[in-house]
Amino acid sequence: MPLLTPFLHLTLPSPIVLASGIWGTSAALLARAAAAGCGAVTSKSAGPEPRRGHVNPTCIDWGAGLLNAIGLPNPGATHEVDILREAKAELAHTGAALIASFFADTVENFGRVAAILAQAQPDLLEANISCPNVHSEFGEPFAATAQSAAAVTRAVKQAVPHIPLIVKLAPDTPNIGRIAAAVVDAGADAICAINTMPGMLIDVESGQPILHNRRGGVSGPALFPIALRCVYEIHQAVPNTPIIGTGGVTTGKDAAAMLMAGATAVGVGSAIHYRGPDALTLIRDELAAWLDSHGHDSPAAIHALAHREPRYDLHPTPAPIPK
Amino acid sequence: MPLLTPFLHLTLPSPIVLASGIWGTSAALLARAAAAGCGAVTSKSAGPEPRRGHVNPTCIDWGAGLLNAIGLPNPGATHEVDILREAKAELAHTGAALIASFFADTVENFGRVAAILAQAQPDLLEANISCPNVHSEFGEPFAATAQSAAAVTRAVKQAVPHIPLIVKLAPDTPNIGRIAAAVVDAGADAICAINTMPGMLIDVESGQPILHNRRGGVSGPALFPIALRCVYEIHQAVPNTPIIGTGGVTTGKDAAAMLMAGATAVGVGSAIHYRGPDALTLIRDELAAWLDSHGHDSPAAIHALAHREPRYDLHPTPAPIPK
Amino acid sequence: MLPQAARIVETQRENANTRTFVFDAHWRARPGQFLMAWLPRFDEKPFSLVDDDPVTITVAAVGPFTRLLHRLEPGDRVWLRGPLGRGFRPEGQRMLLVGGGYGSAPLDFLARRAKNAAITAVIGARTAADLLFVERLARSGADVQVTTEDGSAGEKGLVTAVVEPLLARGGFDALYACGPHGMLAALEALARRHRVPAQLSWEAYMRCGLGLCGSCEHQGRVLCLEGPVLSFNNCSSRGRSFTRHV
Amino acid sequence: MLPQAARIVETQRENANTRTFVFDAHWRARPGQFLMAWLPRFDEKPFSLVDDDPVTITVAAVGPFTRLLHRLEPGDRVWLRGPLGRGFRPEGQRMLLVGGGYGSAPLDFLARRAKNAAITAVIGARTAADLLFVERLARSGADVQVTTEDGSAGEKGLVTAVVEPLLARGGFDALYACGPHGMLAALEALARRHRVPAQLSWEAYMRCGLGLCGSCEHQGRVLCLEGPVLSFNNCSSRGRSFTRHV
């Protein structure tokens, strides 16, 4: 299948990437996602200290999408190293890359956590500066301004210069292109776009927000056009930086659209709810079949296609067609 | 029906408001919306000069929502006055309020356009500082920062101090509460939240963005939890300012949830596509029936309910229940 | 509904500036419904369905988009959204069809769908060269009468000149028409005068095509959703509905 | 699926710290499937279905949420999401059911759904006062055997002490069990040794309930979606499937 995907120094067996926070809590699940067709798998974001996450309800299917505020439960960076080591070993034979996702409460701690996770030698690091669910605790997400996003990037690159860094951006900003440019300028090697879009659901019978955290992040189909637009704008801003296009991808056609918008790889998360545990394989196979049937020999063949405009042959008024 | 809705100096016959850009191009359609059950109707946003709007496709149903970039076609403020005058006359017997929406390319022009529209004496003015579809032309929407949003507000209030001003905000910001506080501080009498969320769709067969403007705004069901969260945050930030909660409201229950989030009135637009031309009436009647069946005698009875938390009676471990 | 790529299977010349396009798309639609045809990064425009299976439209080259369409050949792709709007509802056994310009296009579709009815069709155009679908309508079993403004074919003048005496003579259950605004307005007046129920297909400037933007408004109705065919029943002042009259 | 408000219609005391709640909700579900019960602004927790029509759960008061549930009375509301997960599939004519603690709850539902099978149930608990659903299972036609850790009722010891000789004797088509991890692990080993297909319902910490967050993972599977019942077929090394064995 024509799915080999060059990504920075790596060649991924497929452009499909397991998104952070989906299944990434154990080596077994990360390995399962790789076996199911992912070219790279992202671990659940780990932070400086163990964290319980939010009280339930933490995730809700509201029809056009999901809303979650899991609240970044994780065993803390030190224990995460063990999970990552185990995962790395299990992934070895699949060829899939391991992306270690992490977050922190301060710029400095981003660097510290990265340094700890680096012990496991993941193929890539992913700085989650965009989780909307820890907002109230830490103030605005770091992804909210170009300055804070760049500051985190610099701190991480300084702490771990030898592992390429993906920075994961948020959609709730009026200019994601500018923020992408700032983090690339600060040393980011790739962008993951996007994290969830902040939202809320209210149960009218009780009059109360459904998520215990009240606010959560919208993912799934509802997020798809938002993600596509973000990826398009980021590619315009930093055309040479690889993007993992993430948000609402549910079919192989969605994945193709992401590549056309400017993504090099395609993150998948909520689709597992919508299409079941086989979603990763289905999306990978559908994409391969689509590329094949349209005469493309690789995902790269359609990369950023939407930025190239068709030309129409517009002569002056054609003479009435004789026939 | 228990739907009377105090809103600033007015008492609207129902809390349902026709959103700007939906049907608001003619007096006949504005009057039809009022007859269908709206307590207020908003005209299509008018600008300083006549504008053709974008080339088609300008609006697409993508499943979980709509995406539009109509591009603010309008006859220009001067001609808009005629439409507003005619609409005001036709609305007189319905009791519905007329909201005149407008936009401009500069802070000063916001004031100028408001002054022109004021000639028609609409009940309320609505400054659309958040349309995502004129982005490339005018730079970032004015709703993007607290400073520019407040500057527009001040200019309009100075130009037309005697007509209450609604400012319409955008969801693509990391802190809509702060922006709401800034515009209220600058003199806004009410907030409309929200305009559409920027998005894009790509047709994989052609590899091209579907909307001619490439980017557009997401509305309809996909927008609902985003709008609900924005309204909730705005009510937290400016609890005494009335909000027209707009975005994805498709049923009476959705309208109830908006009121609970902190809205005083409920904007409806895309629902007309999803439920047909009777949508306004259906939503109004469903809301009335829901209020009735839950023992509420007015929309005000559930206003901001989601901000009041239930208390559970949590004694120490109950003794094993004897029975 | 997203635009779906369709390939042109066949094109036919209808007259000097009008071509018919047959696509490899198969829908179920009513005569009078329309589609939006998109050429990526160029424009998207409304056209009446001339057939639904295979999807067929007939296009007069009048401006940039329609001229570009005319350049396309079998194998080329056009993106289609539809069927949109409400079409004609064939009612009654004696139908009077009136078409002006490319307005005749949906009428032939209507005639084919109303096979058991006795159909009279009045087709008008500026000149003989502009006439459209006269033969098709005849093949569909209609009794076709022709008018041209310059008298180069059929009766000289406007369609109304032929329609008026037909309505006066009586015997039609309903009038169906599609064409330019002025023609429809005149026909509406005639139908009211002669108390004949009418279904008129109005043109309008279509943007969203979803009933939202108000661009296509006509008499307080959004034609992309509630039209383009608007019907009214003139046959009784007592509220007898159009359908009941049949 | 959003949580739906349901009213408690009836509550029943099952033992010292366990109550059954019957709701005014009517679903179609399999035994072994579960629901998430929400009390707004408090918490949402998983409980096995004891019946689907009307929806019924049996709750042991072990912490804040379950204690609060126990304070509720008929007329009070609980918000329910479900049925979630995969349940038991009753297979075979001779079924061995093993329950520990409130693990017996879904087993009675299973027994009622497998009416034509010959059912043996082994119910274990710490003390006689902790036993659950012994009578219900008997009423459902099962041959019930009881074990308690302190010997205050039935055989003294763990359920495995009774199950081991039953499996050794043979004659069971499949083993179905629900209870604490340790018990299930021991039963899994026994089932493998005696080559009996088994369906085991594992507990796990549920967050999303949608198969995404990974919180409920067990042996590489997300139990909220792919469980809580996991089945394996031990009866042959030749890949005869569980269903075919029936």
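Letters A, B, C and D mark the chains in the order given here, with residues in each chain numbered from 1 onward.
Methods note: contacts are C-beta pairs under 8 Å (C-beta built on N, C-alpha and C of every residue); 3 or more make two chains touch, one makes a residue touch a chain.
Keep in mind it's a predicted model, so treat the numbers as computed, not measured.
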Which two chains meet at the most C-beta pairs? A-B
Please work out the Cα centroid separation of chain A and chain C, and write it as a whole number of Å. 49
Quick one: chain A and chain D, Cα centre-to-centre, how many Å? 38
Centroid from C-alpha atoms only, then distance chain C to chain D, rounded to Å. What do you get? 65
Indicate the residues of chain D shared as contacts by at least two other chains. 40-42
Multi-partner residues of chain A (each touching 2 or more other chains): 62, 201, 206, 208-209, 309-310
For the protein chains shown, what form does their contact graph take: line, ring, star, complete or other? other
Go ahead and list every pair of chains that touch. A-B, A-C, A-D, B-C, B-D
In their shared complex, chain C is touched by residues of chain B numbered 21-26, 28-29, 31-32, 44, 53, 55-62, 66, 68, 70, 73, 201, 203, 205-206, 208-210, 212, 269-270, 272-273, 276-277
Residue numbers on chain B that touch chain A, as the complex places them: 62-65, 67, 140-141, 143-145, 170-175, 197-202, 204, 206-209, 214-215, 218, 221-226, 228-229, 232, 253, 256-257, 260-261, 290, 302, 305-306, 308-310
List the residues on chain C that touch chain B in their complex, please. 1-3, 5, 36, 38, 40-41, 43-45, 77, 79, 206-215, 217, 219-220, 222, 225-226
So, in the complex, the side of chain D touching chain B is made of residues 13, 16-17, 19, 39-42, 61, 64, 67-68, 70-71
Mind pulling up the chain B residues that touch chain D in the complex? 309-310, 312-315, 317-318, 320-321, 323
